[in-house]
Amino acid sequence: MIVVMKSGSPEAEIARISEELSDRGLTPEKIIGKHKVVIGLVGETASLDPLQIQETSPWIEQVLRVEQPFKRASLEFRHGQASDVVVDTPSGAVHFGQNHPVVVVAGPCSVENETMIVETARRVKAAGAQFLRGGAYKPRTSPYAFQGHGESALELLAAARTETRLGIITEVMDAAELDKIASVADVVQVGARNMQNFSLLKKVGAQPKPVLLKRGMSATIEEWLMAAEYIMAAGNPNVILCERGIRTFDRQYARNTLDLSVIPVLRSLTHLPIMIDPSHGTGKAEYVPSMALAAIAAGTDSLMIEVHPNPAKALSDGPQSLTPDRFDHLMSELAVIGKAVNRWQQPSVLAY
Amino acid sequence: MIVVMKSGSPEAEIARISEELSDRGLTPEKIIGKHKVVIGLVGETASLDPLQIQETSPWIEQVLRVEQPFKRASLEFRHGQASDVVVDTPSGAVHFGQNHPVVVVAGPCSVENETMIVETARRVKAAGAQFLRGGAYKPRTSPYAFQGHGESALELLAAARTETRLGIITEVMDAAELDKIASVADVVQVGARNMQNFSLLKKVGAQPKPVLLKRGMSATIEEWLMAAEYIMAAGNPNVILCERGIRTFDRQYARNTLDLSVIPVLRSLTHLPIMIDPSHGTGKAEYVPSMALAAIAAGTDSLMIEVHPNPAKALSDGPQSLTPDRFDHLMSELAVIGKAVNRWQQPSVLAY
Amino acid sequence: MIVVMKSGSPEAEIARISEELSDRGLTPEKIIGKHKVVIGLVGETASLDPLQIQETSPWIEQVLRVEQPFKRASLEFRHGQASDVVVDTPSGAVHFGQNHPVVVVAGPCSVENETMIVETARRVKAAGAQFLRGGAYKPRTSPYAFQGHGESALELLAAARTETRLGIITEVMDAAELDKIASVADVVQVGARNMQNFSLLKKVGAQPKPVLLKRGMSATIEEWLMAAEYIMAAGNPNVILCERGIRTFDRQYARNTLDLSVIPVLRSLTHLPIMIDPSHGTGKAEYVPSMALAAIAAGTDSLMIEVHPNPAKALSDGPQSLTPDRFDHLMSELAVIGKAVNRWQQPSVLAY
Amino acid sequence: MIVVMKSGSPEAEIARISEELSDRGLTPEKIIGKHKVVIGLVGETASLDPLQIQETSPWIEQVLRVEQPFKRASLEFRHGQASDVVVDTPSGAVHFGQNHPVVVVAGPCSVENETMIVETARRVKAAGAQFLRGGAYKPRTSPYAFQGHGESALELLAAARTETRLGIITEVMDAAELDKIASVADVVQVGARNMQNFSLLKKVGAQPKPVLLKRGMSATIEEWLMAAEYIMAAGNPNVILCERGIRTFDRQYARNTLDLSVIPVLRSLTHLPIMIDPSHGTGKAEYVPSMALAAIAAGTDSLMIEVHPNPAKALSDGPQSLTPDRFDHLMSELAVIGKAVNRWQQPSVLAY
């Protein structure tokens, strides 16, 4: 349920109403929009009478039910207003959201050694990326495959962060490692295989770093938004939704089917920012550029692109990684579309 | 198997080689590329020795096997060169292909009456479409649903064609109606449900009008290209591949999952032109624009968009149809992306 | 809508009511149940008032709407009573239905030559099969693959029929061949790829032979029943539904995923008899026996099993075909389960 | 890689070979078959020469590579011999495996209160079940749905165990709760959503209780066996594989598509015992009996059936739960099929 306040409602009145709603056992959340303030309510609202709440203050414009099963994640909860996820990075705050330029995240599948991660970081930063991705803990289908370098890889990410001032995004697979990861990462990633690991969702929801929530391989859109809701219900409103390819009947030429059509669907359902990962989404480097271009044209807020200095020798996901040179070229192609849709940051002078 | 001729090979030599290959029971097909001529061969090539063929002429540069099960449809068969499908329309020849501007096809799901079809045709022509789509025979899940006006609808399409000089694309469901349809249509459409109706494929392959082949709802890419191969093997090389949404595990918010990732995959496998139908692909008008934009950014050669003067009263597929006004606006949005990727026709002065 | 007559309603009254309903533009269909007669109604029933119809005769017990989009195919249309599809074969009438023993159909994927088809027919008959399957016209993914021997294969099927007195089931792919096929076949099969070839459905619905309707590879249950409805609406009530494996995300070990769970679902929705085809359903001979056993335990009315005298040399579908010896053994295994669930015919003395 | 020892190989020789293989950095595992001993080897075997190993002892019959990516879970690793998973319960050891009667697990989705769980336990025990299922921690799509009573529910399960002497199976969602759960449960369940929660798999693999591994909703068979491999590689060989319905394109009538065809496929790939859960698999109580019957006919080693004293009032999964009376009846139906295939335990006198 949401309470839409009239334009110009006094702060004190909003506070008073929120308190009154708290007293009824609800959890009010103040959302400051461009023109109006909305009070989002979660809790046992089924038995509440909207009219009765409306009568508690002449400053209340409307009281509306959120019909979707996802409450905090729904577009209705913010009365149609997109949310910004603001991430503090060494280079300053980066905004993910519809009203901001497309944010590019790039880097290798996994952190292999210091040279490769720092070198890759420099290259993607120079090309215009704002975040470095890189796995320290890797979810692998086989227990005998490379599982990531773990803690030592986190240190290398920290070094790359200091060196390049890029933000860091890396995956958490085990709640026991969350603190260590959050001490290095600017955004904590929950992988596709853990999208419905509800214990983990509750824990990343109870810590303050923004969360990148990858869509499960066969997760419906509703399940995905309910997973975001788990994080938000635990106290963390800063969730970015990342589409990374779904499982369909055909895997002969592509690893997954990148579902770009999720972009307009999510826009109609949620205020949360959207990221597209065409590297996992297709599984093949040659398919990445056209999908990255399409994602921007379709309205994504962010892109995640795998880049590796030597894809043929990558310890994981080599076939889907671009070389730094190919990535440079891609960024110039993306800029053309990005500018055409007014979602591209003018390059600032880069010095490091 | 293909025989790549050296640059400057004399016509007579190419003819001589082709004849010799015919004598061996093969079907040679001459493909004129930018720089070279390629002779495509279909038939019992498994037992042939490429080296032996190579020795039959000093003008032969290379003899290569086509590894894919689809032969004529494969990119290898044309030695990497995209094909043009050229359609004669009342306004002149329209080219579908990678080296041409994006072709826009628009119109209603089904032809309802003369006023609506002519009016829609005028509007989509004015907005820049080059083809009118409209169903005379409609494949419907229920035998009790509107099945299209049939023959009389064909006459209305013919009237709209005369009036607006747009090309016509309409679906054939029954081989018995093929002649009638082909007498009106500039492109004959095979629908998704008939993608593996092999009898029908053979028959549209044996007539001269270009064929629009929609992808089956759960057709793999290989099956789709094999369906194109049926048409081509029957003698008709003019096939356009149209993605219209696939069936996945989630149908809650969208009718189908539009598979834009098929664009780079097809580019790597086939020389045939690609069309994207975001209207059926998503099933919801509000999702159409972003998917149409994305399709162009991803490199589609053509778009098919449903437009209806009054979607709320459409006899079929109303929810996914744009109004003519919304379509006008979409065309201006598409032009921005189309120009950014150098695939947009400069508008000529339209007069009718 | 259905009109349930009271027990003991006079024939004349039923005829009178039917006539009255015809006069209102409806198509009444008399269904004689164990205890009661039901009049099924198809047509513009939306505006009819059930109470008003009820008042037309004191012999009417109840007037009920059929809520499902499939009307004639729905269980409601027969007021919960299973239908029998009775097929005339040279050995007499064979009943497909819930209240009859499981009917076994066996034979090769395609008719290859006289020796093999007659030999296979003898063997499957001796083992207890009541129908011979065998393709004359084969739907193949590739235009270059064996397409069936066509008309000459039909003659061989006719010979095998005469020889063994088995019923014949064979597929129609093209309406133009329907008459020829129906002159040999006791049951006409519509294949999975043509399940939504609505033109063909209408034509098999307009001829008198029973129809075996295979489920499309990704057809929903509702679409499948609507396809049956096309046949029934065209006048042919004798439809058998055959599950033959659906397409899922995993095709590594099996060709399709045989959906046995469709059995209880169909039972709750339709009165039509059910057949299971574990050969296409799994694509691998070694998986066939356990699935055939399971199908009987789950309640199927019929089984279709591929049998080939020499699977390794089959022109199509060898890997999923049983040898006649393996089929003999399977029949003895099936008899154990079939008897346990009271759905197995006591073997009669076979002489030929 | 496996080392097959000749019949009658001396213990000392087997020990000596194992030690030698350990010295090469491999992990040998002794598997005692009916006739022979096999030494399974995991580790860096790619560079090993089978012939060289063979020469280390005249008692070695054969050295074979395991071609599958899943090693310990593969049928080859045990040289074709099924494994038994033996579970200690208050009533004695229960064997899950191909050479044992079908084991029935029954109980409610979640533990709601003492009366319901003890009452249900008594009833399912009386009907012939050997294990009680019941969730203390429940994975729910919504954060606002009932999440299970947690620790207090574990106590109630312990009480039901003491009372009825049934074994207990319950799910672990969070490694932090594993010890508590394992102190009550005889079998620890990993749910479908956590099938690729590799951290959790490693932890249940490092504790001694047998593990029930549910298949992920869209997990391929290979991924599922690789998940089992994670548990086995961590030291726990006692894994039971449970099919519980997969996600397909159709969810209109059933919650999932129960994939019974997985039974023969698993039999050809792995030695691990199989369980089928038709309750989650179909999501509807009326579909459960026929699928349970079919599962036994297809060769399952075990069944998991949801039973609730009052399904209409269940806190979760009511629609798929049988009443105790319906379960009694089902057990008598299962006995018929179970006896027909020689997989049914003669009822012993039950006293409690």
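The chains carry the letters A, B, C and D, assigned in the order they are written, with residues numbered from 1 in each.
Note that in this section a residue touches a chain if its C-beta (ideal position, glycine included) is under 8 Å from a C-beta of that chain, and two chains touch if they have at least 3 such contacts.
Which protein is which chain? UniProt says A, B, C, D = 3-deoxy-7-phosphoheptulonate synthase.
All figures in this text were calculated on a predicted structure; none of them were measured in a lab.
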Shared chain contacts [chain A and chain C, defined touch]: B, D
Over half shared or under half: which fits the residue numbers at the contact of copies chain A and chain D, same or different? same
The pair out of A-B and B-D sharing more C-beta contacts is A-B
Report back the single chain whose CA centre is most distant from the CA centre of chain A. C
Could you state the distance in Å from the CA-based centre of chain A to that of chain B? 37
Please compute the C-alpha centroid of chain B, do the same for chain D, then give the distance between them in whole Å. 51
Going through chain B residue by residue, note those that touch at least 2 other chains and give them in order. 218, 222, 247-249
Enumerate the contact residues on chain B facing chain D in the complex. 218, 247-249, 251
Would you mind writing out the residues of chain B in touch with chain C in their complex? 42, 69, 71, 139-144, 173-176, 193-194, 196-200, 202, 217-218, 222-223, 226, 229-230, 233-234, 247
How about chain A: which of its residues touch chain B in the complex? 218, 220-222, 246-250, 252-254, 257-261, 263-265, 267-269, 281-282, 286-287, 289-291, 293-299, 336-337, 339-341
